[in-house]
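Naming follows writing order (A, B, C, D, E and F), and every chain is counted from residue 1.
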């Protein structure tokens, strides 16, 4: 038997042992345009490929009555470099995921519980709206477009949304405008919102400028 | 007001109206390496971006006690060209998604119900196994590697799996070998399985050769 | 000499003549996720690779006192499939390119004339602002992020902006919200703008719903 | 047994039969930036995945004493969309593959017979030269750089070169300048070659202008 | 002349000297999803672009009577990041490259010597088989699909196979199942092989569990 | 208000703060195939996204009466990883950008001042020529093909050229042949230029060998 195994080993002639199928994120090494550096294969375990952070409901006690819990490459090291990631949406009754974009990915939502209306706006200003109410109903949101989800049912809603990138990012419109230090004069000039409206929302969301 | 709108329109000078953000599959036009041809934007509706085929449980009355229901670009026209798709896994008690690969995508599973053991084998023959048992537990399966899921709980299990491609494909090992016309002599020569074993499984799965 | 040329020809053995370096858009054939179908090489001329539509100043007699003239694959057939396109920005005094995103591309602006302030907001709500005032000053706007340009000088401003895609698209925030049929109740719910504000701006931009 | 097979079939729920792993070129349908349209899977046979055109030596009775036989997507339908192709190099004694680039691919050469010197020039004008003389000696030529191969041995040489694209293309410097209708005045202005040199080589290669 | 050269140099205005056309692997620096870090250009030599490890026949004194010698980015630093790599297949009489996949690449085989039968199975369980027997016969194996090669001639066979990736990887079915610590109970459950068959093959290949 | 802001913050559950939309080049960290490593987001400022090096005219007091000033990822850290870059072309009267390729990108030129003739040669040796003379005239040069620009007007010309890559590179034909140490014997063998011609041009450009 020892001989047999020796025979088998010689099928492959490899100079290095590092031929691996994944690039588990090493958060302590340099990051590049394609993602994080890879952990040495010898330090990778099954735990790197599983993530339990979406098993806990997000806290919806906030102004939106909703929570987005994200498992992208910055949280889930196993997805680094693999072109996919996921998040969990919790919406209390009347909860809203506010208008936002994912600058780097298309998004695919699958409903688990409740009834939601979701929609997106295309770059020629068409609005596509759907009501989802059955476990397994899915909807696709093409990359980079403004979209939202609203719980229109009588109970909590739960959905998972996958992304076509390990680093999809999330730009929430209200936060970009009103939770930042975006100068009010530039907001009014580039949106036609009145300064009073901007200042009121900056008060609500904590922005300055 | 009419004047104002006229003013606004002139901001953009576009020669064609076809600047769109998606490429909804037109199943009656040619397909290319990047996916299906696009439906004309004028024929696209919100229905193209939603899919209800995963809202029905798959039929698990089969030898695997499991079902895979797929929503890739061939079923769900809205995901065409967007680099993402999804499937639904239903596993009855003791149900098994048999050993398989997705030749064109990494896969991200999120558990909705039940308890499963899932695992994959890397190309240096390391086996990564995890038990998932809470709603929201996730696991990533890197592109092209052999993997499986088994229901190890006492009740039905349900999961959704997303893919980093609109056309991930699914190669089930047993089907490739034993439900095809793969000549038995070549199977035995390239796997070291005995001909009797091959023939028995071909009988079970319906293969010939 | 005839013999020589015969000799030379035989260096290459090609079965088809269609080995070309470009895919000039054929607007009458199917479009796919990677772009338009290609014109037959025999019908391609030098004119397909040049575009003169940016040699005329855009009309800035509109509410923004600005104009965006686009040369993407829908206008400029030669850029189809080549991952690059361009547009021209004309800004009269006090002109504004309103807050917008390019869902499918990063943008690189080069100033030709005038003085502008430009800025973008990152997905963690940081605002990056720069004043450009010399011919040749450049600024990069990473893919998918909200950004704007304002003419802050005393005369007309002119800039060209290139894109990392032949189909970058342009989603103008005000148009998405207020020139569309986005239902007012969903806008208010997902932006925290008051219904009165929304309706006033819909009046200005021509939206409904 | 019939029942068993019925059971197995129900594992998968697919709406279309066209979930395929390849896109064999259909030369009679539109071509796009990503390659040729796909033949219907029902018309694909094993013959589409094999190519015998490289089994015949190229004709080296020409001015270069060499031949390049190409199997890219325009000749070998099975490689369409798969990001790889191949060519065969035959070099008689003193044969030369003249200075050229592949605009769309890196090239990997493996020597089968003979002794060649090969080299490329980087964009910072460094020259990398290697002599290959054993069956299996390999050399990589990074994408788009000028390179050449010369038979420096006493007998015929044979090599295969693979490309990182199904459509690598081949721009031979002498053909681009001297076998085209590139106006002589522009050649002299942009290369500093004398007009007499240009005209002599145009005579040799058959160019005009 | 010195003056002339000074003149010429001023054509280009570059801030850094590191504008290079390749990224030769530095095995001592971090690796990322796109490959190894690059060696500083000043340390790169022509030797980095050639590889001689395929010039020696692999050792076929093993159970498969065959050998695969790989030159991917882990062995051949010059191919790092260039989307191509190569391997050498040696098959003694009756030698077999066992059933396997390349999770990250399509493969293009060119026969140099001998007669082989090669085949792959698509994800809809069609089997594509070809006999190759002439020097230069080629065959393409689309990405991620199960395939094999068998020497069916009366003498040794030799082939080179190129890949559409610098890191194609190789997952050998028998090794994944029977040379790993894949628990036997999970193998039987997910393949329908009997435990006795599994244990016998684990004995042969050296697996545990 | 403090309570409100607290509420808002809890919408997002992120484990790391490094979810950013760009990868500003860190020139002191490793570089990989996809570009430079990223600066930590905390060190990024608006200055990283602007570049002023193209606001100064290049020095055209050289043999070409022209200058190329480049702003690729090696000069302009903000474009790293974003798939776009830019350069400035200054041409004095009769100035010439000599025949060259960009191995890694297509190029889009926009004319700002003067009159130029530009052209490229395809890989089937067709020559495409255009005269550009109005501010805003644009021309596309597909990836990797030989091309040039000549000032044919009576005054200085100015153009900006964008690239479909952050690292397009520039291979100038005369520099590759005559400003390098490319051995003269190999140049003559692979181009059919006479040795005397080669040596004269090496004298002009400073090459050796």
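Here, contacts are C-beta pairs under 8 Å (C-beta built on N, C-alpha and C of every residue); 3 or more make two chains touch, one makes a residue touch a chain.
What you see is a predicted model, and the numbers here were worked out from it, not measured in a lab.
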- Could you name all chains that are in contact with chain D and with chain E at the same time? B, F
- Note on the structure: Common contacts of chain C and chain F, by label, are A, D
- Note on the structure: Among B-D, C-F or B-C, the pair whose interface repeats that of D-E, with over half of its contact pairs matching by residue number, is C-F
- Tell me which chain's centre, taken as the mean of its C-alpha atoms, is farthest from chain F. B
- Far-end chain from chain D, centres as C-alpha averages: A
- Copies chain D and chain B - interface residue numbers shared by over half, same or different: different
- Query: So, what's the distance in Å between the C-alpha centres of chain D and chain A?
  - Reply: 41
- chain B and chain E: spacing of chain centres that average the CA atoms, whole Å: 26
- Note on the structure: Per the C-alpha centroid definition, the whole-Å distance linking chain A and chain F comes out as 34
- Message: Show the residues in chain A shared as contacts by 2 or more other chains, in ascending order.
- Response: 19-21, 30, 32-34, 82, 103-104, 119, 122-123, 129, 142-145, 169-170, 175, 179, 204
- Query: Which two-chain combinations qualify as touching?
  - Reply: A-B, A-C, A-E, A-F, B-C, B-D, B-E, C-D, C-F, D-E, D-F, E-F
- Note on the structure: chain E contacts chain F in the complex at 1, 4-5, 7-16, 18-21, 23, 26, 29-30, 32-38, 80-82
- Would you mind writing out the residues of chain B in touch with chain A in their complex? 17, 19-22, 41, 45-47, 49-52, 54-56, 71, 76, 78-79, 82-86, 88, 105-108, 110, 112, 119-120, 122-124, 128-130, 132, 134-145, 160, 162-164
- Task: Quick one: which bits of chain E touch chain B in the complex? Just the residue numbers, please.
- Result: 63, 96-99, 101-104, 117, 119, 121-123, 125-127, 129, 142-146, 148, 150, 169-171, 173-177, 179-183, 186-187, 189-194, 197, 201, 204, 209
- Item | Residues of chain C that touch chain B when the two form their complex | 27, 30-34, 53, 58-59, 61-64, 66-70, 72, 74-75, 103-104, 167, 169-170, 172, 175, 179, 203-206
